[in-house]
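The following pair of complexes shares a single chain, chain A, combined with chain B in the former and chain C in the latter.
== the complex of A and B ==
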């Protein structure tokens, strides 16, 4: 039973981590919390479910289109909503992301529908038995996708000019501008990456946990909590935060009480923030200049 | 000054005359020839999954009545408002139906929250309200003017517990969602369980939208419980069925009426096979036994709805069809003028076998009760719901 609970916790944690990365990437370059991010995840799952259920599209083309649509969506959110805003008016920017989130939810409800849908898993069969415990194949896809995306993100940030530019913007906006790096371009890329990873998370999650227009808030809160726990702004922190959050929930539900599952994880979050306000892996934020 | 006064008094006289004509018109034409029924449904917004089938069911029933010549020769005129599932809006619309549309009775609204908001309004304004709410607070305690057509959590819990008793299940594991619906159901089950000799050996909770309930399922698997009862709206019942299949849970799995839909079978596939649900009969009218007391009523609603809207009716359709059928029966029984007060009194004498069960309305019962045979146990067999009683 212990193995199974740990495995379930880690796989759920991998989902939270995938969502958390989207918050973190946008925060580190644009310095705002994108509250529409949960809706990108929702949109990924909904579009995938729509394409496979209504149009009978095979799994991988449907997933690819859903993720592509989320990238475009994220790009539009930035270009139409945020790009022209006053950079220092963070409250207004955050309010825009909230408004965009509500709009996306409404659009999904009108154009895709209100039914709870479970699109097909990426590969048939399963679950896989591992030493007395079982994992559904879809969970392996989720963990695998997390590993691949993390690796890709690491390569991008540390080994390409574009990524290094984003890091520079995240460390010091003005200095980066003076060095000829465009903060706007970094922001566009950050949003597109958030759309990509968020959309991917949505398509991966939908076969196990359903696609529904109303899921975005719940998923966004879990992902945001994971990002804060690990340290907002650090991709590695997002992964660590997500895994710890998933594991805590699962162990609490399995060994203490399922009634207090969320309370225990939130108390843990508070405790960690009291001891390390920057999160487990996060660095102290540079002061505003 | 004088002429102005003269003009204004002339004007007001003209207005008075107009008002008198208008009044005579409404009294003469409307009150005599039509029966105005108001309805409030969440035809849009998140609750439209319920509101749309309810409104369609009502329109279907009213068309049928009017085609047959109306009630006692009077046509039924329907005024339907869309509450969008918003309680404040539903309350405003109720007042509008009462005061400006002057309807005889109000049907709906779709949700418990809206219905509880309108309950005191109906009693103060002295108008019959036939709600479609899941909460038993609508009719317990009974208030003079408020009726309710769906079965309540208590009715469903009593049905499931009687099944457990019959099948020798004395140790039960309860899995409920950590929301209002799950808690209300869990409380009803826990409260009634001792009466049926059932012990709740384990009680686990989860969020309705949690992506994985394996930890809770494992605790249930590890417990002495002989069966699992899941009390939650979607998607949780599907996720639990899948998780249970994955960890090899092999005892019977029961679901509340919230999972009584084709969705569970489509979504969970083979993982749902063999699981049970306590449902209204409208879920599987073709599989009802020949001697079933509600077979005719249920099959009629099912066939009429399919013929008119070309789709399978959701179980909510019976809420509004039954409500309108009861109003029809009550009006027919009125001896004297059709007024709100006479309708109320007549409602309390109606017995009606509808889609949701046998209504035996009386001054002490304004809805369904555990003896109404509302619920039927269904089992998932070969990807279909089949009556199992």
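== the complex of A and C ==
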């Protein structure tokens, strides 16, 4: 029982972590909280489900196309909605991302449909039995994807020119500009990464928890909570926050009642923010331009 | 190298919203020259440098860098062509190490970070070499200014703009910084310097421009101004 609870907590937590990373990358590079981010995750799952159910596409092409579509979607959201916007007009940015989110949800409803769908798991075959617990293969895919994507992100940020530029932009936008780094290019890359990782989270989650046009808000809120819990702006914080949130929910649901799982995680979130307003891993916010 | 000025400004005005912070400034800087701008707080010195590096949106008038107009040019493109701006207040990257800060200075340079250039930058300020693995945010004010300069040199400046490099530093550190400025002048780097300390400014430049309330009030050879004692009356009131 305990094993099972921990395993499912980690799986859900890994999904939250993947969603949280998208919030964090965009926030630290562009200083925008992208309220449409949950819809990227929804879109990943929905497009994957659509391609495999309606077109009978095999798993990996369908997943790749779904993720690619989310990358393009994120790019468009930035280029068309946010790029030319006054970067100090935070209210307008919030309104735009909210509006984009509602639009994406509507588009998914119209073009893909209102049915709840369960696209196939990434690999066939029954669950593994380990000790007293059973582990569906999809769980391994989810946790594995988190590990691979985190490693890739780490390499990008610390060992490539583009990544170092993004780090510089996130620390001090003005100084980065004076070093010849383009904040706008960094923003584009941040949004594309958010689309990629968010879309991946959507495809990974859909086989175990369904794809539905209305899932985006819920997923966005969970991912945002995880990002804040870990410290908005820190990718490692996003992972820690996601896993803690997932575990808290599953322990609460397993030992108390699933009715309370959201309440307990909210209390946890508030408690941690009272003690450490910058989140668990977060540093003080980088200085503003 | 032609005879055209490295930088030429004609009737440049800069605005923050409706506030005009720089008004009708015309100025030329020739190759190898060091020009210093002095003036009281709020005179528009920093705004003028920001106009040249194109980091503020509302700039009117003609600015030409190495013969070409910079209207509509992105700041990154100017940096890539050697127009390097060391901003007021240093603006180092506190959560990166000293070495990472220096390396990021070469971001826009074709070919990227070169070991010999990093070494040369750290040779200028040996303190930085000792602290290369330390987080830049933990450096003292003087060391941060040195880091900001070392980082700027990585960009291989053709025109170097320094905004108040002596701000808040002890005299000993100030002279260390200006020793390096001297070396750069010796190497033929064109420099546009902003200073509040008139004495330092006059001693370390060929020409001095006095600004107040966004306008140029006076300009002349630094040596003449130093001899004439004109500055005090201009800058610190009638």
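What we mean here is this: the second predicted complex is superposed on the first by the 287 of 289 C-alpha atoms of A that agree within 3 Å, B and C clash if a C-alpha of one lies under 4 Å from a C-alpha of the other, contacts with A are read in each partner's own complex, and residues count from 1 in each chain.
In this text, a residue touches a chain if its C-beta (ideal position, glycine included) is under 8 Å from a C-beta of that chain, and two chains touch if they have at least 3 such contacts.
Keep in mind that this is a model prediction, so the values were computed, not measured.
**Student:** Pick one for A:28: touches chain B only (first), chain C only (second), both, or neither.
**Tutor:** neither
**Student:** Of the partners chain B and chain C, which touch A:203 in the superposed model: first, second, both, neither?
**Tutor:** neither
**Student:** So, A:250: does it touch chain B (first), chain C (second), both, or neither?
**Tutor:** The answer is first: A:250 touches chain B but not chain C.
**Student:** Going by the contact rule set out at the top, does A:93 touch chain B (first), chain C (second), both, or neither?
**Tutor:** Neither chain B nor chain C is touched by A:93.
**Student:** Report for A:165: first if it touches chain B alone, second if chain C alone, otherwise both or neither.
**Tutor:** Touch status of A:165: second partner only.
**Student:** So in the superposed three-chain picture, is A:178 touching just chain B, just chain C, both, or none of them (first/second/both/neither)?
**Tutor:** Only chain C; A:178 stays clear of chain B.
**Student:** Now for A:234: first (chain B), second (chain C), both, or neither, which partner does it touch?
**Tutor:** So A:234 meets neither chain B nor chain C here.
**Student:** Regarding the shared-chain residue A:11, is it in contact with chain B (first), chain C (second), both, or neither?
**Tutor:** It touches chain B, and chain C stays clear.
**Student:** Comparing chain C with chain B, which touches more residues belonging to chain A?
**Tutor:** Comparing chain B with chain C, the partner touching more chain A residues is B.
**Student:** Going by the contact rule set out above, which residues of chain A touch chain B in the complex?
**Tutor:** Residue positions touching the partner: 1, 4-5, 8-9, 11-12, 15, 109, 114-118, 126-127, 134, 136, 205, 208-210, 212, 214-215, 218, 249-251, 253-254, 258-259, 261-262.
**Student:** Would you pull the chain C residues touching chain A in the complex into a rising list?
**Tutor:** 53, 55, 74-76, 79-80, 84-87, 91-96, 100, 103-105, 107-108, 112, 151, 155
**Student:** Using the touch definition up top, name the residues of chain B that touch chain A in the complex.
**Tutor:** It is residues 46, 48-49, 178, 204-207, 209-212, 214-216, 218-219, 222, 234-235, 238-239, 242, 246-248, 263, 266-268 of chain B that touch chain A.
**Student:** Show which residues of chain A lie in contact with chain C when the two form their complex.
**Tutor:** Touch list, chain A to chain C: 161, 164-165, 167-168, 171-172, 174-175, 177-182, 283, 286-287.
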